[in-house]
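Per-chain numbering from 1; labels A, B, C and D assigned in written order.
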Amino acid sequence: MSRAPLRPRSAYRHWTPITTRWHDNDAYGHVNNTVYYGWFDTAVNAWLVEAGLLDIAAGEPIGLVVETGCRYAAPLAFPQPVELGLALARLGGSSVTYHLGVFATGAAQAAAEGHFTHVYVARDGRRPVALPEAWRARMQTLA
Amino acid sequence: MSRAPLRPRSAYRHWTPITTRWHDNDAYGHVNNTVYYGWFDTAVNAWLVEAGLLDIAAGEPIGLVVETGCRYAAPLAFPQPVELGLALARLGGSSVTYHLGVFATGAAQAAAEGHFTHVYVARDGRRPVALPEAWRARMQTLA
Amino acid sequence: MSRAPLRPRSAYRHWTPITTRWHDNDAYGHVNNTVYYGWFDTAVNAWLVEAGLLDIAAGEPIGLVVETGCRYAAPLAFPQPVELGLALARLGGSSVTYHLGVFATGAAQAAAEGHFTHVYVARDGRRPVALPEAWRARMQTLA
Amino acid sequence: MSRAPLRPRSAYRHWTPITTRWHDNDAYGHVNNTVYYGWFDTAVNAWLVEAGLLDIAAGEPIGLVVETGCRYAAPLAFPQPVELGLALARLGGSSVTYHLGVFATGAAQAAAEGHFTHVYVARDGRRPVALPEAWRARMQTLA
């Protein structure tokens, strides 16, 4: 387990507000660890849709998740809402890795942080493709 | 399948905004039918917490779900946010049934509607108990 | 809340074993009410795939859920496995309604029971279509 | 993204069979990345219960998740069942890290692999505690 402090709010370039749900909490009364990954998925894809890059139903290319990870520093519990910070960690030829931070809404300190890597593929056949230049340019604004 | 039209916005007394998530969508590209029930759970319990009635971790009594149902009239899909309408359908001695309506945020027509019945029990032993008068009075404000 | 006893095991024609998961349990320590609907979805679609009728990725037609409901009689909790009973309740021109029963594996009494209605539509455009005769014949074996 | 090959079946000491569910699949038609973490949670806690160590409702101590990660090598899709391999990666004074492997049932090659770290705390107050000797001895059998 890494003991490094979590990144501050200033490390993030985009914020996504997310409402929590009753069943985010598990048998120990706090948001279950798997739910944070659902928030990562949501923050990344919501940004891609808002940026005009991703058309979930029919667009090209699509991003497949190949690696994720998360460190949990403090518990969260419904009905506390959260906000997800998003930043670019690394831009490859056909892949992109994001930094993500989970904050109770308005909190100074992160409750958790993680990383999330998409590899881009063609919708049919799902073979890796180069990230289009428009996508790369827009992703760079998260650096 | 009932063909009756869904209740209008005016049928509801309280509204809960809920953000959708990437994985609310299922393999057919729309919010999965089970997710609506998670929204029902969330709207009911968020209202109970806001009303100062429910303390999830330690309060008395607690509500156990004994019956739910939902009719789906139109599809929804992430990233579309939704708002849940809540109203009192029936108040019994130890139980309460709510009407719930699912609307795309700002939409005039409901996408789905359902009902949700809690029976109140003691946290330890989980035997039915009479709803406290303070709870009944507050629930009546949703009628 | 209906007080009628739940259907016995003999009411069901097909059984689907399902393993429970840590996060099926919610903050009150039992399987959350929404999870049962995920089991209904799973039992119905697993049977359709096994029967050679449903090709999730590309087949025609596809079933959209238009109505569901569940009554909960006894709690369940991870790691207890369950088995889902399936039976035909009603076969319409383009719709089918199933009875579903949730049993702790091997239990004589149901923990919950529900109903689940699919309307069949074309994958593109999603307009209702008549259920193919091969589907109807196979569904009748669940009566 | 690490390009190292995934661990073989022989790296794991315990196996947990898990049935997939309809809504494990997401809008791209494969099991969503977050679901794998739910399987990790399930495999770890099912083993702890089977080993007689964990009493979810009332036992001491309880494990809180402080770090997880996963690499995804090949897609999976409902209704394909899976089996989770479990092995001890590191045993600390009050923490334990597991290796986890996700295999389509019977497959030679892993579809994904990850790690999962629990820190043990007292149920009340949730302060770290030393892992009891009986727990340590049993966890060592996974090495």
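Everything below uses one rule, namely that a residue touches a chain if its C-beta (ideal position, glycine included) is under 8 Å from a C-beta of that chain, and two chains touch if they have at least 3 such contacts.
Just so it is clear, the structure is predicted and the values come from calculations on it, not from any experiment.
Centroid analysis (C-alpha atoms only) places B farthest from chain D. When the interfaces A-B and A-C are ranked by how many C-beta pairs touch across them, A-B comes first. With centres set at the average Cα position, the gap from chain A to chain D is 22 Å.
Separation between the centroids of chain A and chain B, computed from CA atoms only, is 28 Å.
For the pair chain A and chain C, the distance between mean C-alpha positions equals 33 Å. Annotation for chain C: residues touching 2 or more other chains are 22-23, 25, 27, 29, 32, 34, 38, 41, 56-57. Residues of chain D that touch chain A in their complex: 1-2, 27-28, 32-35, 37-38, 41, 56-57, 62, 64-73, 75, 95, 97, 117, 119, 126. Those residues of chain D that touch chain C in the complex are listed here as 17-23, 25, 29, 38-39, 41-42, 45-46, 49-50, 56-57, 77-79. On the chain B side of its complex with chain D, the touching residues are 22-23, 25-27, 29, 32, 34.
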